[in-house]
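There are structures below to look over.
Shared between the two complexes below is subunit A, which has subunit B as its partner in the first and subunit C in the second.
What follows is the complex of A and B.
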């Protein structure tokens, strides 16, 4: 089985996982106390109105029937209608997903740009001054909760310099970049310490392997040794860590988007939860779970591409 | 022009951990002449591998190396060198386990092309052609196709040939071999030994070959150095050492090698265990396991003395050795 075989197998494995996620999201809504119909029609509505809405939404059908209908709808991209605005949930999500994709994408990019050089320096200067400084910085980064980091960046960078907007998301490309930079940095400060630590450990163990001795013996040294012999071999564990970290940070986006007043999915989830808009909450939850699955999938595939041996272990 | 290409004087390799210092290589001196193949024999833990790695500076970072190492590049007198000076310039090494010695995420052709790219400034394409040539030279069939393969896709024997090609890519005048056949099947061992012998002849390289296997050393080497407990205990031309060992440890090593016509009585292990570098015995370090040992041995100062032309031993009673009964 080649590497494409591995990717295909990994893709197939996610299908049952997706059904499981849909089932859990569906069940969570089922066991949530409160009557959705009552939520929609309001407290003063008559019993007849209530019954009408129940029938319209199929709430009287057996749970299994409702589940099958829900899965069918989800597969067609129909996530139901918001109790609040009456708009389709998929449309609400569509309006917000852009911002969150920007946030996560630039957050990952900044994390990599910060972590790779610092991880490499920490490993190559192990137990020396530079390593201690990097580890110290990592500890500081770890100790700062994202909402606090965000506020500090706003107060110390955005407002004094005026280079970055204090909130909101721009319309044009340069404005988007400017408005996403500080939120992405906040995200990167939270995630980089883990990645730096993981990468450092993984590089240190790679540096001890015999093929590094081989490379040295034929005169490969310095940056060439790192680029051609060290990085690709130590990237695997760091990428897996990054994926796990991104899974957490997706939910961290809720906090960061609120701090920077970004109209993204995180902010949308907060608003929906506060308004008890269950179909929207359900839609966001499903999407976030899906995103985690996709991030893990992508990380597995990237790892497989980087390591030619994966095909025999799969 | 000096005859010697490599000179090692009083080499000591030590490690310090938890306040305790161990010295697994304790005063090794050796020299290699041009075109010569020197074999270093000894049990695991005798310090033979560490000696080899200190010559090319590939010891772990926590090792301390003391001693005078000199290497002669381009027909000059041997001069002191820093290990990084010889990386890719003059000295190459091949390892025991070719799977772990090859970069798992690099196509083997690209690995072999590294040397020519760095040292001869060849561009990617020219270096690739050179790599395929080298692969052909070390007897890899269909080198163009195999250059595109990953190490895990090759057999053990082919991997070791790739390792040899990578070592040769820098055109070394001294090739260090760290038990390169030990991890291979017996039939493949012979092929690799034959290849090394052939390359040594055609390229005029000097070789230092470390092994615990006397038969392997006998096939390839001109001269032998026997190591025990971090020291060299005997040196001499291979044939003479085999015919008439001048150190009881050499004799014991030889009687522990099985052969077709040896009876069970003649085939003996060596009693006792290899010495622990944390607590080497005083005097001759082999004395506790030596069938001829006398009281003086336990306080004897280690010194290699000439026995005859080209032969030295550290044993103070070489005349007691009865020789190998075969």
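What follows is the complex of A and C.
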């Protein structure tokens, strides 16, 4: 099977996974106690009004019928209506997705800017002072809850300098950059320790391989050796690691959006969960799960394209 | 075992290096110092949790509206919160929530994952297929997001958090233990036990599991850190331990609005979490270094 066979196989594997995800999201919320109809009409509504809403939502239908209808609606992009605002969930998601994309994008960018140099230094100076310092910082970083890191950055950077807003998302481009910088830095501090650790291990194992000895023996050394021979071959595992961290990064976004009062998807999920707004919780969860599946898929495909060996193995 | 990794997960998580058995004589004497330093820190936290009633100067739930948002003083070392409750007492009592839930939230999935991994590796066939395909689906989910959903469905509180962690965090142990069992299963002493006619369950229990269990042990301290940070995060979001029970993450959320005037309210509980996390990470790193040698 060639490289395209591998990609096709991974694409096909994703389809049952997606149905499984929709099924689990549907079932978990099916066991949620409470009557959705009662939540919509309020405590004072009459029995007749309740029955009307139940019929409108099809809540009296068998579970299987409800599931098939749910899948059908999801496939058409219909995620139901929020119990709170009565707006379509897809519309609410549309309003909030911008902020989250900004946060994730700049967070990942900062993660790469921090992790790649530190990972390379740690590996090349293995077991020396610089390596120990980086590993120590990594341990501290791993133990820091992201919401606390955010609070510390607000206290030590935002409040004294006044350069960054204490919360919210800006309207203009420069304001957006200003309001996203500290949250993105918080995300990067939370995710970098994993990536640094993985990149360091990956570079060390590449450095010990035979083709590096060969490259050295023909006189390749210094920055050229690192850039041309080492980094290229260490990139695959680092990308995979970043993809595996995606779920954790998304949760980081949930927590960080709440800390910095950013009106993104994560804050939306938290508010929906607190407000017991079932269709919104369902919609956000589905979207996050979908994002993770897509990121794994893309990372597998990118790794396959980068790595000539995958063709032989697959 | 010549099948190539089917996805990114397998490539990273199924490379398991064999570890030295913990039963090896003298292994505890040669532990790196960081294991003892880390263990001492963790022990200190546990002692604070156990002796909280004796250590805390005030009742952590006692509201005192006259004395709200007081600065640190001789009476209130860490001041008081928005409702006039003594912050130090609340920090001390919070250890009784965060530590047991953090430990249980890691220990239960570790036990479940180890047992499932051992069964999958040892019995193979359909047992293996069912367990590992379930693992694939669980792992495809963003785990912490699913905790929010599970807690939403099960209701807020410690019980829901522990159930959610158990349902979601067992996968990594299952993968590691399964691949270790596959390796150990082929060793001579297992064949000898089979030839001697020992029952399969006894071979698994007495001869296989004790030889792979240290893989679980090495990973466990890290997982306790994740569980503790997770609990604190959910409580910070208002989805974990409901008020007025003192919990470190919730205390950070309660203190954040007063960051400009009473900065210690939101920062000190975080320092306490970082300290516990560091202690556990030191134990985990040290164990790994020693056993991998």
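Operating definition for what follows: the second predicted complex is superposed on the first by the 312 of 314 C-alpha atoms of A that agree within 3 Å, B and C clash if a C-alpha of one lies under 4 Å from a C-alpha of the other, contacts with A are read in each partner's own complex, and residues count from 1 in each chain.
Following the convention adopted for this analysis, a contact is a pair of C-beta atoms (placed from the backbone, for glycine too) under 8 Å apart; a residue touches a chain by one contact, two chains touch by 3 or more.
Bear in mind the structure is a predicted one, so any value in this text is a computation, not a measurement.
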| item | value |
| --- | --- |
| Overlay on subunit A: subunit C relative to subunit B, clash or fit | fit |
| Subunit B versus subunit C as contact partner of A:240, first or second or both or neither | second |
| First, second, both or neither for A:220, with subunit B first and subunit C second | first |
| For subunit A as apex, the angle formed with subunit B and subunit C - C-alpha centres, to the nearest 10 degrees | 80 |
| Which superposed partner A:154 touches (first subunit B, second subunit C, both, neither) | second |
| Subunit B versus subunit C as contact partner of A:20, first or second or both or neither | second |
| Greater subunit A contact set [subunit C / subunit B] | C |
| Subunit B versus subunit C as contact partner of A:300, first or second or both or neither | second |
| Subunit B versus subunit C as contact partner of A:210, first or second or both or neither | first |
| Partner chain in contact with A:102 - subunit B first, subunit C second, else both or neither | neither |
| Least Cα gap, in Å, left between subunit B and subunit C after the two complexes are fitted on chain A | 11 |
| Footprint overlap on subunit A, where subunit B in one structure and subunit C in the other make contact | none |
| Interface residues, subunit A side, partner subunit C - complex | 10, 13, 17, 20-21, 24-25, 28-29, 31-33, 139-140, 142-148, 151-152, 154-155, 159, 237, 240-241, 243-244, 246-248, 250-251, 254-255, 258-259, 269-270, 273-274, 276, 281, 285, 288-289, 291-293, 296, 299-300, 303, 310, 313-314 |
| Footprint of subunit A on subunit C - complex, ascending | 4, 6-9, 11-12, 136-137, 140-146, 148-153, 155, 225, 229, 232-233, 236-239, 249, 252-253, 256, 259-260, 263, 266-267, 269-270, 273-278, 280-282, 285 |
| Contact footprint of subunit B on subunit A as seen in their complex | 208-211, 213-221, 224, 228-229, 232-233, 306-309, 312 |
| Of all residues in subunit B, those that touch subunit A in their complex | 53, 56, 58, 60, 84, 87-89, 91-93, 95, 97, 100-106, 111, 114-115, 118-119, 150, 152, 163, 166-167, 169-170 |
